[in-house]
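Note that the chains take the letters A, B and C in the order they are written out, and that residue 1 is the start of every chain.
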Amino acid sequence: MTAAIEFRDVSRVYGEVRAVDRVSLTVEAGEFFAMLGPSGSGKTTCLRLIAGFETPDSGSVLLNGRDVTDDPPYVRDVNTVFQDYALFPHMSVLENVAYGPRVRGQRKEDWQRRALEMLELVQLGHFAERRPSQLSGGQRQRVSLARALINQPRVLLLDEPLGALDLKLREEMQIELKNLQRRLGITFVFVTHDQGEALSMADRVAVFNHGRIEQLDTPRALYTRPATAFVARFVGSANVVAGELAQRLSGRAEPFAVRAENIRLRAPAAPVNGDTMSCIGDVADVQYHGAMSRWQVRLESGEVFAAAVPDTNSNDEFRVGARVRLEWARGDAVPLTAAESS
Amino acid sequence: MTALSTFLYRRPALYVTLLLIPPLLWFGTVYLGSLFALLAQSIYSIDEFTAKVVYEPTLATYKQVITQAANVDIILRTLSMAVAVTIACAAIALPIANYMVRYAAPRTRALFYVGVMLPMWMSYLVKVYAWRLILAKQGILSWLFDTLGLGAALEALLRVPGIGGPSLSASYLGMFIVFVYMWLPFMILPLAAALEKVPESLLQASADLGARPAQTFRTVTLPLALPGLAAGSVFTFSLTLGDYIIPSVVGAPGYFIGMMVYAQQGTAGNIPLAAAFSVVPIVLIMIYLTLAKRAGAFDAL
Amino acid sequence: MRYRRWGQPSIGARLAAYAGLAFMHLPVLVIILYAFTTADRTYEFPPPGLTLHWFEAAFARADIWAAMRLSLSVAAMATLLAILLGSLTALAMARSTFRGKESITVLLVLPIALPGIVTGIALLAAIKSARIDPGFWTIVAGHATFCIVIVYNNVVARLRRMPQSWIEASMDLGADGWQTFRRIVLPQSATALLAGGMLAFALSFDEIIVTLFTAGHDRTLPIWFFNELFRPRERPITNVVAVIVMVVTFIPILLAYRLTRRGSS
């Protein structure tokens, strides 16, 4: 089956900076695909390459098997929800949503009807005559969603759409978007720097760093089996162990990652359990996070480990400054391919 | 139409070129063409006997401008007026701009801004004429001096060479006043903009460390406002240097560069000389611009 | 020693500021006053009496009407050229980067940066070299150049403030370059275009420095005015014309200012 989107060795360079560095990926039809990474990692540029606002310097972009590398945005079967919503201020909400059909020459009765339908879909039917400036952030976001979907595109691109919303609204919208995508069955490509968002919504996530994809996998695989130190640190927070310490603990020179929640705290003198790795350090800081606490432990060799420990009474014996032993199962140590951090 | 759009979309360079052809054509022929014609004329000369232009390249005209005593007088006179006007504008603009930015309540500040811009929007010629009325022998200023009993002082002032003249409306002093009036908004606005950029917290820190308001002004505000002053001075300097209307309308007998240019092209028909003379302000302004740039004027614009 | 409260200006500072502001508005008030004076040969103050007679006299003068008509037509043509050529330039320069962009920026600053006298004598040199007869079109040529720059500055500022995402959204939704221009860019920059045009009109109407070089024997209203300054006859009529010129130039500039402020909020 042809992929909805395909990148073949795509690069986009600005002077000295390689914003997108020979990226290849495929997005399957009907997928909820997330592009995750810090700012400047290339994820937004990739989105713009799909939409057609940028042209690659090398490589090709294919939509549904067709090479669209040279196609302008208005011929691609792709629509975008912009980060700043990009609603046209001199048009009403209805006219905004109806922009696509109007531009294609549809009759007034037709585009009015369809635009109203779309507004109903996002529960904003009563706002048709308002101006964008009269709407709240969340409402504007839904209008821009309606405007993008009215053309029934094969692919919907979303550029950090939830960034401007407050926490509660953001969580609601995440659920709404996921439901919408399931109902419509079209491909969603979602750009975000929030790893929690990417993990909770996407079928597959591409983690970007410095213009390259470090790992493309399902959320669970990214979390439990990070491939590189960057992914380990960026997705969830893991301790990356490298160099001498890695050699000492695992017997091999390659770096590995251990999730903070896989680390247990023990008294230094307690007996060592079976197939585990352990090391000794002093408690540097404790942060209370409700159901679990975050402990920072500094080893003699200088590295600082983060342990996320469920909050039980047995932890009261450890205070800041106390000596403690960190322990984790050997299987929880995930080997990494690169130890360089971002 | 869509095909044409897509064609141009794929060729941004062609699109930009097509857009720029009409305006550049205009600018090229009308403006740049004229400037070249000017430069060309300035390297020709005039035959003293036939009063016709001799179309042979020569630097004689320029030499005439720079070496003949009368011409040098004109240049120096204009230059010193430009400098004097710049200093005066800066001195007057500072208290106004400082008050506007530091002390005025937001509504008052808006009023001040509009109040400063309003005269700028008024017709240039009308303003010059208004001053002619004010400075006239029986006009407002004379009336004011007479009522205050200073009539004699004014007469004495007008007799001072280099400042005075036959009457206030035909004197260097009068010209100076009009120049300062005209360009004041051009100095106030960049200065106010530069002063606004000075964070209030710096002034508070200075006071916190023990400096009195006047000291703070001298040591903190003024140096930081220098780019604004430099930017404003570019306007006052170059505008004064090239003006010929004000010296004609409110002027003493001595010629200024602008008047010279206008006069030479008129009855004398000596376009080469007029052209060469007009190059002088260009050179002077270029020099001034480099100096002003070093003082940060371009960051303040 | 008594200290001034922090943040409060001294009396002197306040006085200086307001005095300065008043100084800047004095001449205009004077002009308006003198348009009504009964004295016909002197500028005496206080005016001996007030009358509307000079307004009548001015409106009866054919030469004033002729000069007014010329000024209006020159301003209209210059503004038209400015709107056309200025917008084309603004569209090209708003976003794209290309070799030579900086040179064009410098070129567009020159008409305002170089003193009017230079532009004037340069145009005259060109007119003489090309053996053209000075007249309507030479006047327009001089005006249009700086009018183009004024319109350009207004429009390019507006275009640069327009979020790029609007244009991208429009194209994303299916509108090609022309449709995007017609539906999004043009409506949004209309006020800037209008403001620039009005500014250009006012400045062209008021222009004297360059026009004295390019007008030949024709007289625009400012030229009429300038000539009258050296004649002692019927001074108050000159004052009336001054009031007319002031009003015709001030109103468009004021409107342009209101437009740009509203457009940017």
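Some notes on this structure:
The rule we apply is simple: a residue touches a chain if its C-beta (ideal position, glycine included) is under 8 Å from a C-beta of that chain, and two chains touch if they have at least 3 such contacts.
Not measured: the values here are computed from a predicted model.
Interface comparison, B-C versus A-B: the pair with the greater number of contacting C-beta pairs is B-C. Each chain gets a centre from the mean of its Cα atoms; the one farthest from the centre of subunit C is A. A simple rule picks the central chain: find each chain's mean C-alpha point, then take the one closest to the mean of all protein C-alpha atoms, which gives C. Subunit A and subunit C have Cα centroids lying 54 Å from one another. Taking each chain's centre as the mean of its C-alpha atoms, subunit B lies 17 Å from subunit C.
Mean C-alpha positions place subunit A and subunit B at a centre distance of 58 Å.
In subunit C, the residues that reach two or more other chains under the touch definition are 176, 179. Multi-chain contact residues of subunit A, defined as those touching 2 or more other chains: 72, 74.
Among the residues of subunit B, those in touch with two or more other chains are 2, 5-6, 9. Subunit C contributes residues 163, 165-166, 168-176, 179, 183-184, 187-188 to its touches with subunit A in the complex.
Chain contact summary for the complex, subunit C toward subunit B: residues 4, 6-9, 13-14, 16-17, 20-21, 23-28, 30-31, 34, 42-46, 81, 84-86, 88-89, 91-92, 96, 98, 104, 107, 110-111, 113-126, 128-129, 141, 144-145, 148, 176-179, 202, 206, 208-209, 212-213, 222, 225-226, 229, 238-239, 242, 245-246, 249-250, 253-254, 257. Residues of subunit B touching subunit A in their complex: 2, 5-6, 9-10. By the touch criterion stated above, subunit B contacts subunit C in their complex at residues 1-2, 4-6, 8-9, 12-13, 16, 19-20, 22-24, 26-27, 30-35, 37-38, 40-41, 92, 95-96, 98-100, 102-104, 112, 115-119, 121-127, 129-134, 136-140, 142-143, 181, 184-185, 207, 213, 238-239, 241-245, 249, 257-258, 261-262, 265, 271, 274-275, 278, 281-282, 285.
Subunit A contributes residues 70, 72, 74-75 to its touches with subunit B in the complex.
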